[in-house]
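Next come two complexes built around subunit A: one with subunit B, the other with subunit C.
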Partner chain A sequence: MPGVIAFLCRCCGEIEPTVDLPALRERIGREEGVAAVELRDTLCLPEDRAAILKAFEESGADRILLAACSPYGKVGNVVAKLSAACGNDRSRVRLIDIREGCAWIHRGDPAGATAKACDLMRMGLGFMRHGKQSADAVVSVRPECLVVGAGSAGLAAAGSIARAGYPVHLVERGAAGGGMVKLLSHVYPTDAGAEERLAPYLEAIAENPLITFHGKTRVAAATGYAGDFKIRLASEKGEKNLRVGTVILATGAGVWLPRGLYRYGELKEILTLMELERRQREGKAAAKRTVFIQCVGARCPERPYCATICCPSSIKNAVLLRKADPDAEVTILHRDIMTPGHILERYYRSALEAGVRFIRFAEAQPPVVLGEGRVGRVEVFDAISGLTREIEADQVILSTPLVANADNAKLAELFHLPLDGYGFFREDYPLHPLETRQAGVFICGSARWPVASGEAVTQGEGAAMKALSILGRKEISALSMSRLPEGKLGHARIEDGSCSGCGNCVAVCPYGACALQPVGGVFVSRANKMRCRACGSCTSVCPNGTVQMPEHNARAVGAMIRRAFAEGDAR
Partner chain B sequence: MNSQMTDKTPSPRVLVFACRWCALVGADAAGRGKAELPASFRLIPVECASMVEPDSVLRAFASGADGVAVMGCHLGGCRFNDANHVAVKRMEALGDLLDTVGIGRRRLLLSFGTAHEGRQFAEVLEAFFRELAPLSSLAAWQKPLLNQPSFR
Partner chain C sequence: MTPETPLDNPRQTAVGALPILIEGGGAAGISASLDLAAAGRSVHLIERTAVLGGQVLRLDKLYPTDHCAFCPLWTDIRRLQGEPGITVHLSSVIASLEASAEGNLATIVTKPPFIAPERCISCGRCAEACPLGAARPLGEHIYPPSFRIDEKICDRCGRCVGVCPTAAIDLARQEERKTLKIAKAIRAAGFVEADLKPLPEFGYGLHPDIMTSLEFEAWTAEAGQNGGRIVRKSGGGSPANIAFIQCSGARDKRLLPWCSAVCCMHALKQSSWVKRRDAGIDCWIFYTDLRTVGRDYYAYSQRAVDEAGVRLVRGRPGLIYPLPGGGIAVKYEDTLTQKREIRRFDMVVLNGNLRPSVGDGYGAEPPADACGFAAEPADVAQSACQGSSTAMKVLIGEREGSCRA
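Then we have the complex of A and B:
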């Protein structure tokens, strides 16, 4: 019966003084199933690989056990290359860390370190007896994309995908596209008219035959996986079923009304920024004296975040008011002006040049709006000069933050996505800003965080590129559905016959990969290989061991645990 | 710290289940930083703390461990869509079981987000060894269990 060949690494003397390698070699050589044990100075150099393979072939063994440095060390790369020689079976090569995990941390206890190294190697041998590799699954990709939301981000995403030649279904809950930009008069920092800015995007959806626009429609149901999502759309006209390869969520954000703050709703001429935008569009915004109050309901305990768009929006409107009437007095009361980057910083400076007055107040001493029936004055403690100022005002503009779209919760439930504490979609942690935990589902624009329309377009196009990386392929493999360079560990496997249909795995799966399905009159669970990301949650709740990760199955782990303290039995 | 432990009484035996995204990185960094730790712990890398079956923890106690540590990422920082939130609840419930059967939940260390750097990993483990040191060894009742043919 083929066995295991073990290689011990001296690591040029890094391991040896603490771990007694000849003794380790002798003890491991006596273990059942060990064909040979070799001791080498190094294992990580290119010439070592040839020597390892030569010894492996001569020994007649079918598995390789390496005892060297940690998988994060140099020898970590060797494992993948050696598994190629074992029929691309990663379960047949195992690396035991006896340097970082043993020799280097137990220098004061050589006997204990040697016993530990011996136990660790036995654990590895036990594991290899039962460890297996998941079989990959390949699915063909439906070359169509669903974009939810036809604001700046959604329009940009849909346009990019259609230009690349793939059909797009653009779903919008309103009657027409345009999103929040439609509510604006101008768009910062170029101060282009909002309609002018939207025109080319709206034209694209009207003219490109690859884009199907579904107005007044919502996503009612979603199942499936990257490459083949089954979507049900619902509208007044009825339901419609789609099959798409990828999904882009561009639901945008919602506005927030500052009820009860700064006498909003009580006095006339206290407006939110959005209401001012409407007046600007209608040409009714002019006022002799205007005061903006920033951070209304933002950067406070309930919403500790900065919504990023309110400072530049106030600056835009302040300058527009000054340009319309050079005699108008415009004051911005702020806690900090948030205009990052060279473009917005220049934008802020242009407001100073245009004669907009900025006064800083402290969070603890917010301004007070005075007046009866309508706005009269605003009293503010100037945090820089230390003086209390009274500013005459004909209108007061409250800068409120964007808040999450109320529809996000429903979509998050449908696609098994996490939301952050404020209801925005959470990006895939870490460093994958446009991707979500669900492979094939992407987020962009204010659905993930409040952004201005320019940034939303950037993100929409980025998300489109991410989606195209799936749409552009004829088929995708389940083991590639991972952000990791080394791919996914494996995927959960549910044995037929022993599943009792309890549904524990369905309840615990963070990706909605497990689902109960009727088979032969009873419900049993099935794990979807495309959705599974190999966390192993299901394996730890299965009452009868039906769900297993082949790479980390209960027998292999049990074999490790049983051997963990075998050598230390002398106590 | 381990001179007082290794000289007289044998150091407690600890099995560590370490999530490979944080605690395993911490363990690796502790190794590269050459922290001095008792040689009586063994480490099993797992893909996620949620992969650790309660059964494995019990099995570890039955196999000679005086303490078991389950180490995962901080809550809210799980790679797997908050799978570790469920793992925490599961392990807390297991603590109740350990109390009931007389092992005691003190012997089960839950570390979520506290061991992802080398120094932190070493500190968490050392503190656990200090916690276990005054407790009696579980070896007395482990031996007969280990010798049962069904367990072998």
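Then we have the complex of A and C:
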């Protein structure tokens, strides 16, 4: 059986003399299965690669052990290139860190450092003896996309994908597209009419033959994986099955009614922002004296978040009221004006210039709405001046937050996605804001977190780009979905023979990759390679040791641990 | 009208399509590059510094997760380096962009660093040999680790060349000019810190412990020189208290009229981490509006105040100046109690002075080809998202343009 060739790096004096490399060479050379041990000044420089490969070929070994710097150092990049010489088998090249984690931190103890380097190398040899690599799986991509929700984000996503040339199924629970923008009169910060803004997107649905619109429809079932999701749609007309390569969730958010707050529902002319938008559309919003109250039911113990859009929306309506009637008195009572960035800060300034009055109140001292039968005035403690003010009001507008769409929970269950504490879809992490835990499923717009329609469009286009990176390929491989360079963690593997079908792995898998399937009359678990992200949860709950991560299999890790704690001569 | 063939299969049909140029290798540029490469397009990524990662590299932690920024960023950079379609031009700037008959021509000027990163093994002998302190590590969060020589300090004495064991140093390296034929350019050059010296009331430059928030981030980073300990730059151990001044130079007609969008959360993050590392240090945030609009941001601010004990003061200090006996005076009005006070702080962190790194500021509308902070003040997530969306717009524009022709 061919053996291992070990390369020890002097790192130009960074490893030697702290680690006694000749002694280490002699000690490692005595290990079983070691064909040769080479000492070199460097391993990472461009000219070293040919020399390493030449020595590897001459030695007749089939595996390479490098003892050099940390995998994040220079040699880390060499490993991938050397594995190409070993039949593209990453388990046949292993890197041991004897610089950062050994020589550098034990400069004062050369004997200890040498012993540690020896232990690390022997552990590596033990591991390599049982090292395995996951077999990759390749699936052909269904070049179609499913977009759930036809609000700003969903329309932008569907439109972009169709314009890129791919068929899109746009599913909407209502009869027509448009989402929350349909409920608005104008859209900030451009103050374009909401209908004008929506028109090109709605036209695209009607005219682009690549977009199939499914109105009054919901997603009833979803199985499959990136590249090939099997979706069942349900509507009054019946059910329909689809197969799509990617899924974009753009379900938007819901509105919330401030029942019991600020005498809403009790006095006339107390409206929510959405009710004011309707009056604006109908041209009935005019009032001599209007008071907006911000953070109604938001940034409070029940909903401890800022819903992003309420401050700019109130500013927009306040300016519209002042423009419609320059004598109108408009006051915004707020806790902080949330207009981050350049465009929104300018928008806020424009409201100040338009004569809108802003009064800050403290959370502990909210305004009080007074009146009998209808609104009369609002009493507020002005936190900046320290004075209590009474403001005459013909109408009071309550700025309420967006809340998560109730459909999110069902979709999260179907696609195995995490929701945040408020019911919005959670992204992978901040650098991948549109991607989810499930490869091939993307989120955008207020389904993800409350955003205005402009940003929802941006996110919809971004999600479309992410979808395109899968749709644009004829086939995708499981390891390429791992999002790690070189797909190096692999995926879980379940041996049929010893699986008892207990289902523990199914219960703990966060990706929905493990599922029980009948094989020969009994249920056994199968791990889907496209969904698995190599977290290893399944291996820790399997009572039979049936589930293994090939890259970190129990025999290899066991051999490594045994050598770490071996006594006597083994040191 | 709908073109006949889809963009597919870009991996085959895009062969022959001109590459797309991306200016800026930060969160937005990396996101756009990876997406375009995944869709089969070739990309030239131009980065002005010697490493990819942009401003995210300077962050010790990312809000609101409090996770280290390094691992996810580095995972993306490693993927990017493995993409055959992406050519990275480090230490490079775009000198000119011109339209020609066959496509747009971009001229790239590359100033290679004195130390070739592919040969540097980060042994640090150049730094030991340099009498001027010009040779330094490239940064705390940069892997593979590497050294660089500050050309402004270096007097070309050549001592480092003699001690370098891998012959990585060449002090005579000349800049190179290249002309690339490209289809389109995406602007993702990100932000830089605006100089606060023109606004004397902030006292920037008058005392070592008056620093900008990014300087403070580097000073207190766990991977940095102080190993995450919070100490005064002027010496004398850990500070008793720190003032975080929001909107320093921002929301200010004299310097930057905009809100820089990321600073409120940045200050909350930094102050929470100071408290976590040394609960005895008093942290005060002086703010105008505490803008916490993203997921979990408001809850984060509540935890900072209720659990970590960060103090919030609404008010913009009118004057910050070093005290003769040590420490820094901050003169302010707490606008919620209408009390005017002068308080002594050991450290002052100035937050908000961020401006786009290219151009004078922002126009009325963000340019269609810009993303990230180059288009509009944006945090990491927004920048990454805009990178993807701009890439999509470029592909669509190109396809529909070519169909009409």
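Structure notes:
The rule is simple: the second predicted complex is superposed on the first by the 560 of 571 C-alpha atoms of A that agree within 3 Å, B and C clash if a C-alpha of one lies under 4 Å from a C-alpha of the other, contacts with A are read in each partner's own complex, and residues count from 1 in each chain.
By definition in this document, contacts are C-beta pairs under 8 Å (C-beta built on N, C-alpha and C of every residue); 3 or more make two chains touch, one makes a residue touch a chain.
In this text, all values refer to a predicted model and were calculated from it rather than measured experimentally.
Superposition model on subunit A: subunit B and subunit C are shown accommodated side by side without a clash. More residues of subunit A lie in contact with C than with the other chain of the pair subunit B and subunit C. Once chain A of one complex is fitted onto chain A of the other, the partner contacts of A:511 are limited to subunit B, with no touch recorded for subunit C.
By the document's definition of touching, both partners, subunit B and subunit C, reach A:429. By the touch criterion defined above, A:549 reaches subunit B but does not reach subunit C.
After overlaying the two complexes on the shared chain, residue contacts for A:537 are found with subunit B alone; subunit C is out of touch.
When the two structures are aligned on the shared chain, A:85 is found in touch with neither subunit B nor subunit C. By the touch criterion defined above, A:502 reaches neither subunit B nor subunit C.
Of the two partner chains, subunit B is the only one touched by A:437; subunit C is not.
When the two complexes are overlaid on their common chain A, residue A:72 makes contact with subunit B and with subunit C alike. In the superposition on chain A, A:120 contacts subunit B only, with no contact to subunit C. Note on the superposed arrangement: subunit B and subunit C approach each other to a least C-alpha distance of 6 Å.
Residues 72, 429 of subunit A lie in contact with subunit B in one complex and with subunit C in the other.
Interface of subunit A with subunit B (complex): residues 70-72, 97, 99-102, 104-109, 112-113, 115-116, 119-120, 123, 416, 418, 429, 437, 489, 508, 510-511, 533-537, 539-541, 549, 552, 554, 557-558, 560-562, 564-566, 568-569, 571.
By the touch rule above, subunit A contacts subunit C in their complex via residues 11-14, 41-42, 44-46, 69, 72-74, 76-77, 80, 143, 160, 162-166, 208-210, 299, 304-306, 308, 336-346, 349, 362, 383-386, 420-421, 424, 426-427, 429-434, 448-449, 455, 458-466, 468-469, 471-474, 483-486.
Residues of subunit C that touch subunit A in their complex: 2-3, 5-11, 27, 31, 35, 38-40, 56, 62, 65, 67, 72-76, 78-79, 81-82, 118-119, 121-123, 143-145, 165-166, 251, 257-259, 261, 289-299, 302, 335-338, 362, 366, 376-382, 384-389, 391-393, 395-396, 399-400. Note for the complex: subunit B touches subunit A at residues 2-3, 6, 10-11, 13, 15, 25, 27-28, 30-32, 34-40, 42-48, 50-56, 59-60, 63-65, 77-83, 86-87, 90, 137, 139, 151-152.
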